[in-house]
Amino acid sequence: MAELRESLSLYRLLIAARVRAQLQYRTSFAIETVAAFLVSFLDFVAILVIFSNVPQLGTWSVAQVALLYALATLSFAFTDLVIGHLDGFPALIRDGNFDLMLVRPKGTLFQVITGDFQLRRLGRVAQALLVLGYALNTLAIDWTPDRALVLALTVPSGVLIYGSVWVAVICIAFWTVEGREAANAFTYGGAFLAQYPMNIFDRWLRRFLGYFVPMAFIAYFPALHVLGKTDPLGLPAVLQVASPVVALAAAVVASTVWRFAVRHYQSAGG
Amino acid sequence: MPLIELEGVAKDFVVHRSAGLLRRDRITVQAVRDLTFSVERGTILGYIGPNGAGKSTTVKMLTGILVPTAGRVSVGGLVPWDERIALARRIGVMFGQRVQLWWDLPLVDSLELLRHMYRVPADRYRHTLASLREALELDPFIRTPVRQLSLGQRIRGELAAAMLHDPEILFLDEPTIGLDVVAKQRVREFLIRANRERGVTVMLTTHDLADIERLCSRILIIDHGRLIYDGDVNALKERYGTERVLVVDLEEPQGPLEVEGGRVIKVEGPRQWIAFERARTNAAQLAAAVATRANLRDLTVEEPEIDDVVRRIYLETRP
Amino acid sequence: MGLDTLRLDWELARRGYARYAAYPAATIAGVFVNTVFGFMRAFILLALFEQRDHIAGYDASATVTYVWLGQALIMTIYIFGWQDLALRIRSGDIAGDLIRPVHPLRASLAFDLGRALYHAIYRGLPPLLVGALVFRLVLPADPLEWLAFVISVGLAIVVSYGFRAIYNIVAFWTTDHRGAMFLGAVAVNLFSGFIVPVAFFPDWLAALAHATPFPSMVQLPIDIFIGRATGGEVLGTLAVQLVWAVVLLVIAERLFAFGVRRLVVQGG
C-alpha cells in the first residue's frame, strides 16, 4: 500500500513537471489540442452523416449510438492520455533504452507508463465529454441506482480494458520491431469498433474484436443496461454488468504477458 | 568479501538472421564464455576490449539487465536479475550514449524526480546535490531542458543523476566518448574524487587509453568473450604498450628511411610511419635522425591504440 | 525543359518507389490494419441498407466498393497526413535542395509519384482484393473506364501532393507544422469523401465539399470506378481534377518561393 502511494505521488510529480514543460510552448499546445479535438470529432461527424440518411442503425437511434460513441471515445481518450506514448515503445526497445528502466528501483511497467504525458491529448477527452452531454441530454434515461453505478464504472473499466490490450500487444516489440503497425488493428481498430453497435458487425469480427479482445465490454454491453434496451444479439443479461470483472481479468492477462516478455528480454538481451 | 564476484559466467544469444522475406535462420552467438573474476571495494576497474568483445554484455549481467546462460554472479551480495530493484538502489549506472534524464524536462526537475524514485531523504538530497553542483559545475545549465544541453553538459548531468542516491558502485559504459579534452578531464577528476572521498567502486568500459592511465587501479581485458588480461595498468604498458609510432611528413616522397632505433612500417606519398621501442630511443632522437636524411615538414607521435595492445596480448595468449 | 530533367524525374520516382519497397514487413502489417478497418467500415455502412435499398444513388454493392477503394487510397494519397517536406524545411536540409538544378518541389513530387505507385500496388491492391473476395463489388465493365480510373487516381495523387506540400511549407514560418498537418488531414478526411461518401452528406455540406479540391483526391476516382460518372461526365471529372492539380501546385510553388525568400533574408 505504501508502495502504491509512493508510486502515485512519483507519477503526480512526473505529470506536473511535464505539464510545466509543455505549457512553456503555449501556441504549440493550443494548436495540437484543437487538432486532437477535431481529429476525434471526425468519427462523430461520420455517425451524424449516417443518421442524416437513416433513422436507425441496427435498431439503435442516433442518441443511443452517440452514447456508445461517447463512452468508447472517453475510455479511449483517457487511455491515450495516459499511455498513448506506448506507440513509441518499439523504438525504445530498438534503441536499447529499455535497459535504463531495468537499472532503476521501480517496476518496468510503471516506468514505461509514466514515461510520457501529453496534455494535448485532452482535446479528445473534451470532444468525448461534449458528445456524452448531448447523448445523456437527449436520451430520456430512466435512472436507477444500478444504472447509475454501471455508467459510473463503464469508463474506468474501459480505460483498464484498452490499457491492457495496448500493453499486451506492444509486448510484440520484445520479439520483433515490425509488429507495431499490425498491433494498431487491435488498439485503434478496437477503439473504432467499440464506437458502434456490436450487432451490425459480422459474427467473426464480433467474436474476435468484441469478445476475445473484449471491446464489446467497453460501451456496448454497459450501454444496453443503462438504456434498458433489449440486446439485439440476445446474449445473457449478466454480460451487461460484467465490464469491471472483464477489465480486471484483462489487466491480469496483460501484466502476465508483460512479465513474460520482460523475462524473455532479460534472457535474450538486445 | 569482494563486492563483485563472477564465477564461470557465460552468455549465449540466439540471433535470427533474415534469409528471404519470411524465413529466418537461428544462430547462437557466445557473447561471453567462462568469465571468472572478483572486484574489491574501492577499486576503479577498467574493463576494456575491442567492439563486440563482450564488455557491454558483462556490464548488463552485473546490473540485472541480462540473465547469464550459465554461472554465478553476485554484486554487493545480491543476485542482480533476481533482486533487481534492491540492487538498483545501491548502484549508479551511466551509458555514455544513452539519455537517462528526462529529455523534455529541465535538469533540476530530472534530479528531483530521481530523488523520489530512489527515496533519497530531503536533507541528504540537499547535501548531495550541493556537492554535485559544485563538483560537476552544474549551475549554469541546471534549469535548461536536457535536450538543449551540449554533450559535455549532458554527461555531467547524467553523472549527477547516477550519483544522487550515493551508490556503492558506479557502472559506466564509455563515459567520455565524444567529449573534448577539457570535458574528459573534468569527468575523470570527478570520478577520482568520488572514489577517494566517498569510497565509490567504479567499473568502466572505455576505448580511451588515457581514461585507463589516469583512472584505473586495475584493468581487465576481454576479447572474444574471454578474459585475457587481469592486472594493473603499468604492467600492461611495460609489457605491451612500449612501442610508439612516429609519423613524419616529408617535403617530397621518398623511399623508406633508414634510421637508428626505428623501422618504417608504412609509406604513403610523402608520409611515413616509423615504429620504435620507447626503451631504446625516443621521439626527439628519432626526429633528429630523420631530419639529417630528409626535409621534415611535420611530425606527430601516435600512442598505441587499445585495440593494438589487445591484439598483441591475444596473439601471445593464444594456445 | 529538356530530356535531362525528365530523366532526373524518372530517377527520383524510382528512388521513391525503392525506398518504400525496402520494408516489406511494414507493408504486410499495414495491409493487415487497412483490411481490418475495411471490414468494420463495410459492415457499418451495410447496416444502412437494412432499411433502404438506395441511399443517394448508392446501393449496397456500390457502397462496399466505395469502402474498399477508400481503404486502398489511404496510403496512396496519404489521407492521414505527411510531413517529410516540413521535416526537411525544419532541419535545414532544404537549403541543400535549393542548390540543385531542379526545383525542390518538382523533385519532391517526382519522388512522391514513385512512392505512390508502390503504395497503390502493395498497400492498395491487397485490401481491395480481400474486399472483392468477401463482398460483391461493382467493377467497371469497359476497359476505357479502367483507363479513366487509373488516370483519375494519378491526378488524385498530384492533387493530394499539392495540398500536402502547402501544409508542409508552413514549416518555413512556424515550428508547429504538426498542428498544420493534423488540421490538413482533418479537412482531407472529411471533405474528400473518405469517411462517408460526399453524396451521403446533407446538401449544404456536399455543396461546400464540392467547392474544395478534396473530393478530387478520393470521391472523384471512386465515382468513375463505380460508374456514378459516365460518358462525358468522366471527362468533366478528370478536368476538375486537372484544374485542382494545377491550382494547388501553383499555390504551393508561390508559397515555397515566399518561404525561401524568408529563409534567405532571415537565415534558417
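Annotations
When the chains are written out, they are named A, B and C in that same order, and each has its own residue count from 1.
The rule is simple: a residue touches a chain if its C-beta (ideal position, glycine included) is under 8 Å from a C-beta of that chain, and two chains touch if they have at least 3 such contacts.
Since this is a predicted model, take the numbers as computed values, not measurements.
Because contacts link the chains only in sequence, without closing, their graph is best described as a line.
Averaging Cα coordinates per chain and for the whole protein, the chain whose average falls nearest the overall one is A. The chain pair sharing the most C-beta contacts is A-C. One finds 45 Å separating the Cα centroids of chain A and chain B.
Once the centre of each chain is set as its mean CA position, chain A and chain C turn out to be 30 Å apart. Averaged C-alpha coordinates put the centre of chain B at 52 Å from the centre of chain C.
The part of chain B that touches chain A in the complex is made up of residues 11, 13-14, 31, 57, 60, 63-67, 81, 84-86, 88-89, 91, 93, 95, 98-100, 102, 104-106, 109, 112-113, 116-119, 145. Residues of chain C that touch chain A in their complex: 25-26, 28-30, 32-33, 36-37, 39-40, 43-48, 50-52, 55-56, 174-176, 178-180, 182-183, 185-186, 189-190, 195-196, 200-202, 205.
Interface residues of chain A, counted against chain C in their complex, comprise 27-28, 31-32, 34-36, 38-39, 41-43, 45-46, 49-50, 52-58, 178-182, 184-185, 188-189, 192-193, 196, 200-202, 205, 209. Contact residues of chain A toward chain B in the complex are 6, 9-10, 13-14, 17-18, 20-22, 95-97, 99-100, 102-107, 266-269.
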